[in-house]
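Should a chain be cited, it is by its letter among A, B, C, D, E and F, assigned in written order, with residues numbered from 1 in that chain.
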């Protein structure tokens, strides 16, 4: 009966993909449902998973939209 | 002052609709606001309702994306 | 498969109760599940409801903790 | 380590914009991260902010989709 | 940078425990962070996990508080 | 009409306090409501704020419960 919500940015990690692929989403859904079965003995049929993809301009970290935060971090690391 | 969030999959139940219609959404908003008035005496003007429509590939049930879960269930039922 | 989350303040509406009663919560759960059946044809067994009770000092409205907001509103109304 | 979620309707306040602009979103992200630093001494690098934009037909207030609620309120005010 | 929220009922699965134990929670946190690393290549240091434990009377399934729903299901299964 | 949810760990920053104080919560509520007024011109009376305090053992970062994550980080920094 657990409910798991996964918030990720909408962006790709595979070449040519601009978002998580259907295969990656299926792997997240399976993995987290299996985890709840293994750790808390929750039957997989009683777990709901919702993946919420957030535009990068709507995600903030370090007081900045996340793309700017990452750029700043990269520029620091390369100094 | 209640806040109600309703997560549903983005898919239609009316012919030709690929999502809940504006009329269905209005019925959900009215119904749940009325329920909070009836049960907890909350004035309707103090209830916020947010409907969050989730793509079916982003919704997991039984360790699978929900379309696959439904297909598996139908195939079992027809055995 | 819908998920409904209901945020309410933790406070009573019945004499002697300092929170929604188990009966009131059951009425919310039944009512909202029935609504999703009526409006979107969702089977009741596929709807999850979570009621999240929030301490009044953790709830803000009008830029104030909600008890102060209500007190201000009442004092305005009685002028 | 705080997580702040900001739900707003998807609509513009600037001329020609039909949604909050990237600048407005950046201002929300910066402002709320700074607030958590000032009030609770949380380092800005440990705060995540998610802005969730909701279609107006998915937002309910006063038992109505929000556009209808506003129209009703304006018509009352002008009587 | 993902945020994962896990809603579970507050009840024990270990003898003598009336809630998930600290060890079980740590296993959920580790497992889901590892999953996001494996599937989407998200560094573990950038994933936040929040476990939200919900009283059973605040959790609804099948239009009933979950304890009643389970009791009904068990009584059906034993017929 | 915005809804802002602020998730923080339940722990104190003031001497003798084991959680955010009522004054700190009021400052968060006021600050974030004011921010939405300044940036998006949202009237303060139409903003709801919910502060959700999470036990530290229910908060994960870096694949660990947050207390362990902080301890590891401190021990690294002191090497």
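Rule of thumb we're sticking to: contacts are C-beta pairs under 8 Å (C-beta built on N, C-alpha and C of every residue); 3 or more make two chains touch, one makes a residue touch a chain.
Chain identities (UniProt): A, B, C, D, E, F = Tautomerase.
Just so it is clear, the structure is predicted and the values come from calculations on it, not from any experiment.
**Student:** Tell me, which chains sit next to both subunit B and subunit F?
**Tutor:** C, D
**Student:** Shortest hop count from subunit D to subunit E along touching chains?
**Tutor:** 1
**Student:** By how many degrees does subunit E turn when fitted onto subunit F using C-alpha atoms, rounded in steps of 5?
**Tutor:** A turn of 120 degrees brings the C-alpha atoms of subunit E onto subunit F.
**Student:** By mean C-alpha coordinates, which chain is most distant from subunit E?
**Tutor:** D
**Student:** Sharing over half of the contact pairs with A-E by residue number is what counts; pick that pair out of B-F, D-F or D-E.
**Tutor:** D-F
**Student:** Taking each chain's centre as the mean of its C-alpha atoms, give the chain farthest from subunit A.
**Tutor:** With centres defined by C-alpha atoms, farthest from subunit A sits C.
**Student:** Same or different: at the subunit D/subunit F interface, is the fraction of residue numbers used by both copies above or below half?
**Tutor:** Same; most numbers are used by both subunit D and subunit F.
**Student:** So, what's the distance in Å between the C-alpha centres of subunit C and subunit A?
**Tutor:** 30
**Student:** How big is the gap, in whole Å, between where the Cα atoms of subunit C centre and where those of subunit D centre?
**Tutor:** Computed from C-alpha means, the inter-chain centre distance equals 21 Å.
**Student:** Which integer distance in Å separates the CA centroid of subunit B from that of subunit D?
**Tutor:** 23
**Student:** Residue numbers in subunit F touching 2 or more other chains?
**Tutor:** Only 1, 3, 7, 28, 32, 48, 50, 59, 61 qualify.
**Student:** Is the way these chains touch best called a line, a ring, a star, complete, or other?
**Tutor:** Here the contact pattern is something else, fitting no line, ring, star or complete shape.
**Student:** Run through the chains and report each pair that touches.
**Tutor:** Here the touching chain pairs work out to A-B, A-C, A-D, A-E, B-C, B-D, B-F, C-E, C-F, D-E, D-F, E-F.
**Student:** In their complex, what parts of subunit C are in touch with subunit E?
**Tutor:** Residues in contact with subunit E: 22, 25-26, 28-30, 32-34, 44-45, 47-53.
**Student:** Can you list the subunit E residues touching subunit A in their complex?
**Tutor:** The contact residues of subunit E facing subunit A are 1-9, 13, 20, 24, 27-28, 31-32, 35-36, 38-42, 59, 61, 66.
**Student:** Which part of subunit E faces subunit C closely enough to touch in the complex?
**Tutor:** For subunit E paired with subunit C, touching residues are 7, 54, 57-65, 68.
**Student:** Sort out for me which residues of subunit C touch subunit A in the complex.
**Tutor:** So the residues of subunit C in touch with subunit A come to 1, 3, 48, 50.
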